[in-house]
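Everything below concerns the one structure shown next.
First chain written, first letter: the chains are A, B, C and D, and each begins at residue 1.
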Amino acid sequence: MNKIYSNSKEALEGVAFDGMVLMCGGFGLCGIPERMIDALKESKIKNITAISNNAGIDGEGLGLLLETKQISKMISSYVGENKIFAEQYLNGEIELEFNPQGTLAERIRAGGAGIPAFYTPTGAGTKIAEGKEARQFEGREYIMEKSLRADLSLIKAWKGDSEGNLIYKKTARNFNPLMATAGKITIAEVEHLVEPGKLDADQIHTSGIFVQRIIKGSHYNKRIENLTTRKAND
Amino acid sequence: MNKIYSNSKEALEGVAFDGMVLMCGGFGLCGIPERMIDALKESKIKNITAISNNAGIDGEGLGLLLETKQISKMISSYVGENKIFAEQYLNGEIELEFNPQGTLAERIRAGGAGIPAFYTPTGAGTKIAEGKEARQFEGREYIMEKSLRADLSLIKAWKGDSEGNLIYKKTARNFNPLMATAGKITIAEVEHLVEPGKLDADQIHTSGIFVQRIIKGSHYNKRIENLTTRKAND
Amino acid sequence: MVWSRDEMCARAAKELKDGYYVNLGIGMPTLVANHIPKDANVILQSENGMLGMGPFPIEGEEDPDLINAGKQTITALPMTSYFSSADSFGMIRGGHIDLSILGAMQVAQNGDLANWMIPGKMIKGMGGAMDLVAGVKKVVILMEHVAKDGSAKLVSNCTLPLTGAKVVDMVISEYGVFEIVDECVKVSELAPEISIEEVRDKSQAEILS
Amino acid sequence: MVWSRDEMCARAAKELKDGYYVNLGIGMPTLVANHIPKDANVILQSENGMLGMGPFPIEGEEDPDLINAGKQTITALPMTSYFSSADSFGMIRGGHIDLSILGAMQVAQNGDLANWMIPGKMIKGMGGAMDLVAGVKKVVILMEHVAKDGSAKLVSNCTLPLTGAKVVDMVISEYGVFEIVDECVKVSELAPEISIEEVRDKSQAEILS
């Protein structure tokens, strides 16, 4: 069972299709699968429902797939800072479902863990609760949220081995480990691809069972959205 | 905010009381908080509801608290291999609630994560489903399970720092990280206590926010229940 | 001639395909690991929080922090990863394990399984069995065809409390291999010189050829 | 004399007690970090998956893999830990964060908060705000007392879509500090030379002394 593919285009073969539900890891531009997004752009697959915390920015991340109008619906918690998205949304070209960030994360985690639905206090008594079941537990109001799964999850890790075991770096972890569990097919893109045994078994964040395909990515942009620094003597 | 206590008896002071709900980490005798169990035995606290995957064995783990009749109810997935427990159960001295192991784990995880209830396929159509709400999602039957929290969680880790950050070792991890999140007070017992910065931030399994008190344990028995070996040339 | 326990395990091992993630139950199912073909990369999960379970340790090399779900000392492999009980059962419940082999007290022809409790007897608990049968893609039961008291274990309806409803896909006993399809038991393979009539005689379930 | 933005942040920082785990929202709340007393060990959480957030990096030392929820480059501390978004919001929703400081468009006297959406305008999304107000033990709003168009922000009922119902515990504006207790706004502290009448004049909510 070889999981290693030589490049992102090959990794995408046979698992991407028009109308698919896609999960894409990352928070802002931090920890996004840059090379797999490139391959998805090249594939010209369209009518994608994209589940991703953000929509990238113009020219970066999922912003690339918005430019080519490959995405028809987004499920996100925050899509600010993206002019193309705003344009397409106001034109009615793209559908948008907002989820509170924690609800989005938990729905994905539930999808991967075989939990079809759960109750959360988040959004109770707000617009988000409309059309959802509300229910009291011990005198507090909660709403029922359903799990999310994807036909394909594209995730980014720092290190991976040929078995699909993954380790993430710093805040580039974010949604990646959850999405790895919720994809019918998960493709991991890693900066360093190593032999099994090179990763400490206690430190593996995503077990290989969740990863069907893996590629070593390269030429990372890792663009910074809000470069913020202080003077050395602050 | 000093979290370090010099021994298990001090760590227990003011946070254990008759009738409390206790979570105790470990799977079998692997990864159990040995020294904190000793302190609990010494405390003579009684009428404890103990949430723990197993009940220890005679003379080890929660078995110690069974000997002294400090436990009045257990919520567990498996209590085999414990004569005292069987005796007390058949005498009606102790109440027992069986949870499927994954349901037990998920109820605890939910308790720590602010999820009051969730649906699971586990146990649908069995005795376990009796008295619980059943519900179909996409044509399959699920049952609703409620979260668990504890007044006090006693957990065991391999390494910890003074901020309460923890790293577990091998299969001694098991229920410990979940129980850390679900205790109103969590006391962590570690084999190695280090300064902050000595643990790699990417490798920390339990963030310090979940740990209110920490002790360095010692004199570990780490008894093996089923010693199983093979010949060197097998 | 009925299969020996060893032959039953060997037959069960044939269900473990290259690349499969597998959970083996406590008891006879654990022994199936000894029969996995060398050329098949089968990865064993242990529900106490480990993927990539290795063989038992050489004497003196046992580690009390490294046990399987049967609380036996085991070893790790280069591809091993460890995780919490919540993550482990997320893996199981979420349908990521390809196959599980478990023992049984009774299997009904509709796939109902009873393997955890005999009313009136001291109950040890279901451990992870209910989660495994609810979540794993394919559930294979490895069991003696008939109970020690002579009663049939392959039955039309389970009389013992269920571990899971309509969860069993296949039963392997000393008499052969039986698939449960559309709530019927179909013979898939018989042990040498065993006739379907013999199987029917030892079963209370309806056995289709 | 109303407080300056800096004074407002300094006042908000007084709510951060030694040992508190705190989440600071994007914008003015982020600046509160600059006013944390040196002797208080306040630990900052960033909901994108970090506990123990350090200061902004020195120029040239920024790491694109290390950002806060505002997507700003930041640094780690010796006690820092990283985790997934699911674990991060488990921490938030589970009530483990002691205090959160957020901005607002409107706060109602019953504690309702509106800070994510103006109907008819392009919506950016609620991000983690709804989870924070639902899960954090104490929610403090740091805001200008009156909107740019002159309308009151401290109101009897929110007219904008809610971020959370009955979630606000305290409001800090340039006019003072206001506690929301039993669905009433009570003055807790006033900026120098500010009278309660001035506050009432700038508010649409009923203000109790």
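Keep in mind that, in the parts below, a contact is a pair of C-beta atoms (placed from the backbone, for glycine too) under 8 Å apart; a residue touches a chain by one contact, two chains touch by 3 or more.
Small disclaimer: the values here were computed from a predicted structure and weren't measured.
Engineer: Note the shortest touch-path length, in steps, from chain A to chain B.
Structural biologist: 1
Engineer: Quick check: more C-beta contact pairs at B-D or at A-D?
Structural biologist: A-D
Engineer: How far is the middle of chain B from the middle of chain D, if each middle is the mean of its Cα atoms, in Å?
Structural biologist: 35
Engineer: Can you compute the centre-to-centre distance for chain C and chain D, using the mean CA position of each chain? Integer Å is fine.
Structural biologist: That gives a centre separation of 54 Å.
Engineer: Can you compute the centre-to-centre distance for chain B and chain C, using the mean CA position of each chain? Integer Å is fine.
Structural biologist: So the centre of chain B lies 27 Å away from the centre of chain C.
Engineer: By the touch rule stated above, which residues of chain D touch at least two different other chains?
Structural biologist: 76, 82-83, 89-90, 92-93, 134-135
Engineer: Check each residue of chain B and list the ones that touch at least two other chains.
Structural biologist: 106, 109, 113-115, 120-121, 168-170, 173, 201-202
Engineer: Every touching chain pair, please?
Structural biologist: Per the contact definition above, the touching pairs are A-B, A-C, A-D, B-C, B-D.
Engineer: Mind pulling up the chain C residues that touch chain B in the complex?
Structural biologist: Its residues touching chain B are 46-50, 55-68, 70-74, 76, 82-86, 88-90, 92-93, 117, 122-131, 134-135, 161-166.
Engineer: List the residues on chain C that touch chain A in their complex, please.
Structural biologist: Counting only chain C, the residues touching chain A are 18-19, 21, 41, 43, 45, 51-52, 76-83, 89-97, 134-135.
Engineer: Enumerate the contact residues on chain B facing chain A in the complex.
Structural biologist: 106, 110, 113-121, 137-138, 140, 142, 146, 167-170, 173, 200-203
Engineer: Within the complex, which stretch of chain B touches chain D?
Structural biologist: 1, 109, 111-115, 161, 163, 165, 181, 195-197, 201-202, 204, 207-210
Engineer: How about chain B: which of its residues touch chain C in the complex?
Structural biologist: These residues of chain B touch chain C: 27-31, 53, 76-81, 86, 89-90, 98, 100-106, 108-109, 120-128, 141, 158, 168-178, 205, 222-232, 234.
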